[in-house]
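Note that the chains are named A, B, C and D in the order they appear, and that numbering of residues resets to 1 at the start of each chain.
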Amino acid sequence: MSDYAYIVLIPLLPLASFVLLGLFGRKYFTKSAGIIGTMALLASTIIALMAAHQYFFVDGKVAGAYHQVIAFKYTWLAFSPGVSIDMGIVIDPISVMMLVVVSFVSLMVHMFSLGYMKGEERFATYYAYLGLFTFSMLGLVLSVNIFQVYLFWELVGVSSFLLIGYYYEKPTAVAASKKAFIVTRFADLGFLIGILILGFYSGTLDISTLIHKLTSVQSPEYIAITTAGFLGASALTWALVLVFIGGAGKSAMFPLHIWLPDAMEGPTPVSALIHAATMVVAGVYLVARLFPVFSMDDTALHVVTYVGAFSALLAAVIACTQTDIKRVLAFSTMSQIGYMMFALGVSKQVGEQGLGYMASMFHLFTHAFFKSLLFLCAGAVIHLVHSNEIKDMGGLRKLMPVTHIAFLVACLAIAGVPPFAGFFSKEEILLAAFNENKLIYAVALFTAALTAFYMFRLYFSIFWSKESAHHDTHHEGTVSMKIPLIILAACTIGVGFIPFAKLVTADGAALETHIDILFSLAPVGLTLIAILIAARLYKQQNGGPQKIADSLGGFYRVVSRKFYMDELYLFITKKIIFPLIGKPIAWIDRNIVDGCMNALASITVKISGGIKGMQSGKVQGYALYFFGGVTLLAILFIYVWK
Amino acid sequence: MSSLSEIPLAHILFVSTALFFIGMYGLFTRKNLVTLLMAIELMLNSVNINFIAFNKYLYPGKLDGVFFSLFIITIAAAEAAVAIAIIINLYRSHQSIDVDDATEMKY
Amino acid sequence: MLMDFFILLKQELVIVAIIFLLLFINLGKDRSNESLLPLINVVLLLNVLLGFFGSKEGSLFGEMFHTGKLIILEKNILNLATWIISLLSFSWLRTHKHVIEFYILLLTALLGMFFMISSGNLLVLYLGLEMSTIPIAAAANFDLAKRKSSEAAMKMIISSAFSSALVLLGISWIYGVSGSLDFSVILLQGPDSPFRIFAFILLVSGFAFKMSAVPFHLWTADVYEGAPVSVTAYLSVVSKASVVFVILAFLYNAGKAFADTWYHILIVLSILSIIIGNLFALRQNNFKRFLAFSSIAQVGFIFIGIAGSSQVSSAAVVYFVLVYVFSNLAAFGVVALVSAVSGKENISDYKAFYTTNPLLSWVLTIAMFSLAGVPPTAGFFGKFFLLMAGAAKGNYWLIGIAALNMVVSFYYYLRVVKTIFMEENSQPIEKLAIPGASRLALYICLAGMLIAGLASCVYDYIYSISFGL
Amino acid sequence: MNLSLLILFPLVTAIILLFCNGLKQVRMVALAGAGLQLILAIFLLVAFLQDRSMGNQLTMLFEYDFVWFKNLPIHYHIGVDGISIAMILLTSCIVFAGILISWTMEKLSKEFFFLLVLLSMGAYGFFISLDLFTLFFFLEIAVIPKFLLIGVWGSGKKEYSAMKLALMLMAGSALVFVGLLGVYYQTGSFDMMKIAQMNIPLDTQYFFFPFVFLGFGIFAALFPFHTWVPDGHASAPTAASMFLAGISMKLGGYGCLRVATFLMPAAAHYYSPIIIVLATIAIIYGAFATMMQTDLKYINAYSSVSHCGFVILGIGMLTQTSIKGAVLQMVSHGLMTALFFAAIGMIYTRTHTRMVAQLGGLLKVMPFISTVFVIAGLCSLGLPGFSGFVAEMTVFMGSWQNPGGLYRLATILSCASIVVTAVYILRATGKTIMGPLDGAYSKLGDALWNEKLAAGLLITGIVLIGVAPFLINQLIGPGTAAMMEQIGKTINLK
């Protein structure tokens, strides 16, 4: 199917811009860097859309189901026969969908940054990093080989590291970037070992082959991997759970979510791109990519489900108490990803049961738009007020109408108010949960309400509340910043109506979805109530929120400190790993291991000092030794070694 | 001559060995360098006795032993000459011929 | 017959001639050292060259004296070493009163060694031994004014007299049990009676004394330290080498029947020598004393080689001695120059030596590397072959000990290099003017250390003429 | 082509150096010599690939066998396969870079470059020799110059470090020496190819393998004989550190593979659990020790201990993939650590401190150097796109193919070390490169042309391997395959 080969261009263009700007940006393209990057992205986006069109509406369907196409594949590093890292391009519904999302959102961010990052010293570097990230992310979604996934997985990790640490002179930014990288790296360890296990038992790293081998119950590989076990769980379970840990790390699932809020130290557009729309959903994508295998093992699926649900709830609760708008958004992201995760968890591979899968992908799709929109709006706001704190804001609706409208649209979408995009996807998820697992459904419902509440808390306290302290001299930012907002807002309204169930499903076959009003009543109703409460509390300034906070007392504090997760991690690293493992080892090395080496030397010197009396300087003593030697030899050879 | 042949070889060897170790004892214990030389002469002479005795009792046919002892005597003389010279020089520098005074170099 | 006499005894006769020349050279008018030394050096060079042609194998005086290719080579090595030493002692002798006597003593000793090497009979052996010892004892005293010098001479003469007494006792016993003095006869029977063994041990320990192997080594350090540098060099190179050759010949020919006994003796002595030598060398600060102990350790390695008792091992031993001559003489050469000019003989005086005398420093460094056995110097090959020969009998633990001790020896050899290159010094030894003779000698040693190893022909030749047990 | 040129060129360069004087002349000659070596190495690579593509399936190419000592079976026998060529390329790159880095070596410049070139000669000789004697000969040649380089041009407690390094390495070679003699007397030959054919009796293997392996292990910083590494590296001048970590430690790894494992596979199999345990300890322990260091050079030194652990691990696992990984890791780590030391050296020459605590925000004043530093760091924590990733992943894949609880555990622990690596690398980077800039450093300048060239060369190597591993795979693959075939004859592993 080489007629998809042109898709190679989609990742390569950003790569080109990265190389170009990375090598020569600082010298030659200090001003034009932005344009170059944006143009590259524009090109890839167009190609991506073409590809999507071609796949979904021209020749993707075979016998009523979307099938997988390997556009191209090249053995990159051969380990042993059968086992090798291949670089390739896989075309199937989710990869195409992700292509569109990634390139599109990235384009928006590129555009927005033209204005937002104007006059930065390392403007070119910034765009170079963006290019690198986009390339890696596209490479990730197109992977044919599980090791290829891992490879790009690491690359997105590092580009996120570089972008979070973009303001490298801010210690907090440096710390945040380190935290993000190390936490995800820790998760990747699980991923890596998972890969090793899968690769070992299935004898391949090629995803489609691997899926093929591990999903047919009679295949020797499947039997081997399910019979082999460790600590009561089968090797398959272990592999999948480990892989999921990797995904959880990237997707900021509990308990590996701690890096995400801090990651907000990076430039806001970056947060929009990486920590809202694309990279953080990589975990979801990974699980979806291997979903056929996951669906073979209930334990793994349950882990996915409960971790997802819990994270969704936890994040929502925390989000209600945060005062930094970006952190609020960060937690909302975590919460939404939780949705996607448990949606996958409650799904099955084929037919009607595949609803959750489809819903999850759908939500991933819509979420990308409204969440990036939220972040970009937040960016615009921060650009204006030069602060992330809610208290510095308020009454901005007159100053920045466009942003205001866009933000409102986004809020409605994420809250799941019809007919905005979020509504459709969230309904599907709730439905899936309802069919599979009532508990999860309840959690999801409650979380939905919370979501609506904290989003509108944010909305009202930014744009209404008290009168703006800022003068009208501030304008809303350049055109290049407004356009993305408008486009994204339009999408946020529009994308909900895409017949997603027809396009992206677990087994490729179209899925009949019907949302009856009765089912929708509950969530929508709750949402609206939550919105009203938020309006009541935050539309005008009043002591209400404070009262509630006080009434909750300790609980409130615990929540606002994010359940002391960070402190826990700090304790483990600073109080356990460094002093109890690192220091002793370093000490042992210097004093014991090295000490032994030095001791050998000093002992030798000691001995040589001890026997020096032999050389007494008295010639008679020498003669005596001579005679002693002779006698000794004589005794030895006459009596001993006769 | 016959009177000599009544003494068994063992006795003579005993004497010579005794002489040798007396010499060695002298070498180990006396402090005066000249005395040390004398002690060495004792040892050499005991060896001479050995040679002569062996030659006379065991191998009367050839005269190897006798000749050897002649050479030993000569060389002992030469050795003594050089040694005395050295000792005199030592006396010049150390104002003493006590062996324990010449222990500057040690360890 | 008479022809044979002149050909076989050629090297000895040449030396005798030289000695006579020296005796009579000062008749008539007194020559100054400046005119004398070059002459003598040229004569010695002729002596070296003459050794290389017109030689043939055979024996004289009814097996008392015999010679062969290997023996001739060995004598040539000794000649060469003597010549180099005389070149090196140029700057020392230039101002010395008794040049002639010095040379006469050295050459007499050399003569003694020649006879010792060629001896086929205990009497000749003994005469050679004494002849090669007594003159050196006198020569050790050649810094007449120095206290240390006379002390050294005293210690040497006493100890050597004692050892020769013991050797004589051994010989007398051997004579007693075998009734002959000829090598071909004396040790035909194996070690059956304690007398034989005891006598044999006494003989070997006499050699060990001359080679200064532990525990017969104690005189070495003191004598080396006290004696004039040139004499020390002569002791540690020529006299030691000669005894190595002798013991090689003696054990491999006369001692066949005792192979098992002396094999074990050598093992014991070699281990003792290597360990004790190294341990003492660690602490030394006086350069000559340091070299003394390092040479004791070297002797241990030589013993391992001899213990191999095959053609490879005898070849390896002779080869190692050749290399050792070059390396040790290079080191002594530098020390001689320094002490002749500045009178400094301590290692610590050599701090920052490189800043003032790069050439000498490099020579000394390479000498140290060669002694330590670092490639590409010849010392590496020498040690490798020795241990290879020693390992032939499969006693790897011995090789292991030797190898570990090589590491220890690295420490003290590298310490010298460290002193030269790395340590600071407010007043380093001033820039030395190297006389042409010494320069020549140093270059010869340098060439020897660098070429003798890489050029395999040297070893191959030695192998071709050497013999096994 | 004639491999002896590899030894001849450095030799000639060294000799010419003796007659030069003045830094300018000397460094030009040295650079020219190193350049020639580089060209030669590349030419060798091309020639090798051509031969292979023409279907020349011999294990060793460009063999040349000359009887050196005819009475002892000592031959000057040289030849190369893919592995050795990779090593030769590595050496030439690092020597070239090293000479560039020490471009302004004022103190005793002639001697400095002379010794450096001598070292490179030793390394080349070691990598091409197929005769155990020649191998040992060059191994020791490659040791002693380091003593002088560290002791004379070093910093800190240089004498101590130099002596320690020399003695420990000499102890290593002493062990090797005993092993070699043993092998010689069991087989009557020094020729590796021959010996490998006439597989040695088991008890002999079991007895002598530890000698050889430990001996070379000391060179490769095998725990617990790694303590020369930190001191040595910390005191050495930049170029020497580059050489030390980049090549000397590879001598050890190469020896462990080519001599110990290749000649005595049964013993290697027998001892593999011990080897694995030691290697794993080195990996984890080194990583944690690194975490605690405050001196950049110590950081890199300890991380070298950790990374060389992967080499030993790969060899100990005895699967084709893992051995391939070990070789890859040798090349990768060589380039990477040399680059790291180069960066540290550049920083040190400007700021005159290597203490992490005293540095900060260098990215502002010296972007190029900082970038180099970051790249080295990222390569060291195994980031895709750099050689480190390729090498480590190959080792992991290979190790995982070796079933059995111990091996699995070892593999997992080694994988875990990449997290620790991330921690210490990011700590170092975050403190030195990022963060607020110390005012004292605000005037400092960025890299000069020579430094840029050196770093560029090394980075090219790293990225090339990282982006197109299939290239080097072509080179190393057949070599390891042949070796495994040989090994597999005696032990059957997949």
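Note that a contact is a pair of C-beta atoms (placed from the backbone, for glycine too) under 8 Å apart; a residue touches a chain by one contact, two chains touch by 3 or more.
Every value quoted in this text rests on a predicted model; they were computed, and no experiment measured them.
A.B. asks: Average the C-alpha coordinates of each chain, average all protein C-alpha coordinates together, and give the chain whose average is closest to the overall one.
C.D. replies: Per-chain C-alpha centroids compared to the overall one single out D.
A.B. asks: Counting C-beta pairs in contact, does C-D beat B-C or the other way around?
C.D. replies: B-C
A.B. asks: Please compute the C-alpha centroid of chain C, do the same for chain D, then give the distance between them in whole Å.
C.D. replies: 43
A.B. asks: Report, in whole Å, the distance between the mean C-alpha point of chain B and the mean C-alpha point of chain C.
C.D. replies: 28
A.B. asks: Measuring from the mean C-alpha position of chain B to the mean C-alpha position of chain D, what distance in angstrom results?
C.D. replies: 67
A.B. asks: Taking the mean of the C-alpha atoms as each chain's centre, how many Å separate chain A from chain C?
C.D. replies: 78
A.B. asks: Of all the residues in chain B, which ones touch at least 2 other chains?
C.D. replies: 27, 36, 99, 102-107
A.B. asks: Touching two or more other chains, which residues of chain A qualify?
C.D. replies: Chain A, residues with two or more chain partners: 601, 612, 615, 617, 619, 623, 627.
A.B. asks: Residues of chain C that touch two or more other chains: which are they?
C.D. replies: Chain C, residues with two or more chain partners: 154-155, 158, 162, 221-222, 283, 411.
A.B. asks: Within their complex, state which residues of chain A touch chain B.
C.D. replies: Contacts found on chain A: 612, 615-620, 623-624, 627.
A.B. asks: With touch defined as at the start, can you tell me which chain D residues reach chain A in the complex?
C.D. replies: Those in contact with chain A are residues 164, 167-168, 223-224, 226-227, 230, 285, 288-289, 291-293, 319-321, 324, 361, 363-364, 367, 378, 381-385, 389-390, 393-394, 396-398, 400-401, 411-412, 415-416, 418-419, 422-423, 426-427, 430, 433-437, 469-470, 473, 477.
A.B. asks: Spell out the part of chain D that touches chain C in their complex, as residue ranges.
C.D. replies: The touching residues are 68-72, 74, 133, 136-138, 140-141, 144, 147-148, 151-152, 158-159, 162-163, 166-167, 170-171, 174-175, 177-178, 181-182, 184-185.
A.B. asks: Which part of chain A faces chain C closely enough to touch in the complex?
C.D. replies: Within the complex, chain A contacts chain C at residues 601, 604-605, 607-609, 611-612, 614-615, 617, 619, 621-623, 625-630, 632-634, 636-638, 641.
A.B. asks: Quick one: which bits of chain B touch chain C in the complex? Just the residue numbers, please.
C.D. replies: Per the stated touch rule, the residues are 20, 23, 27, 33, 36-37, 40, 43-44, 46-47, 50-51, 54-55, 58-59, 62, 64-65, 67-68, 71-72, 75, 78-79, 82-83, 85-87, 89-90, 92-94, 99, 102-107.
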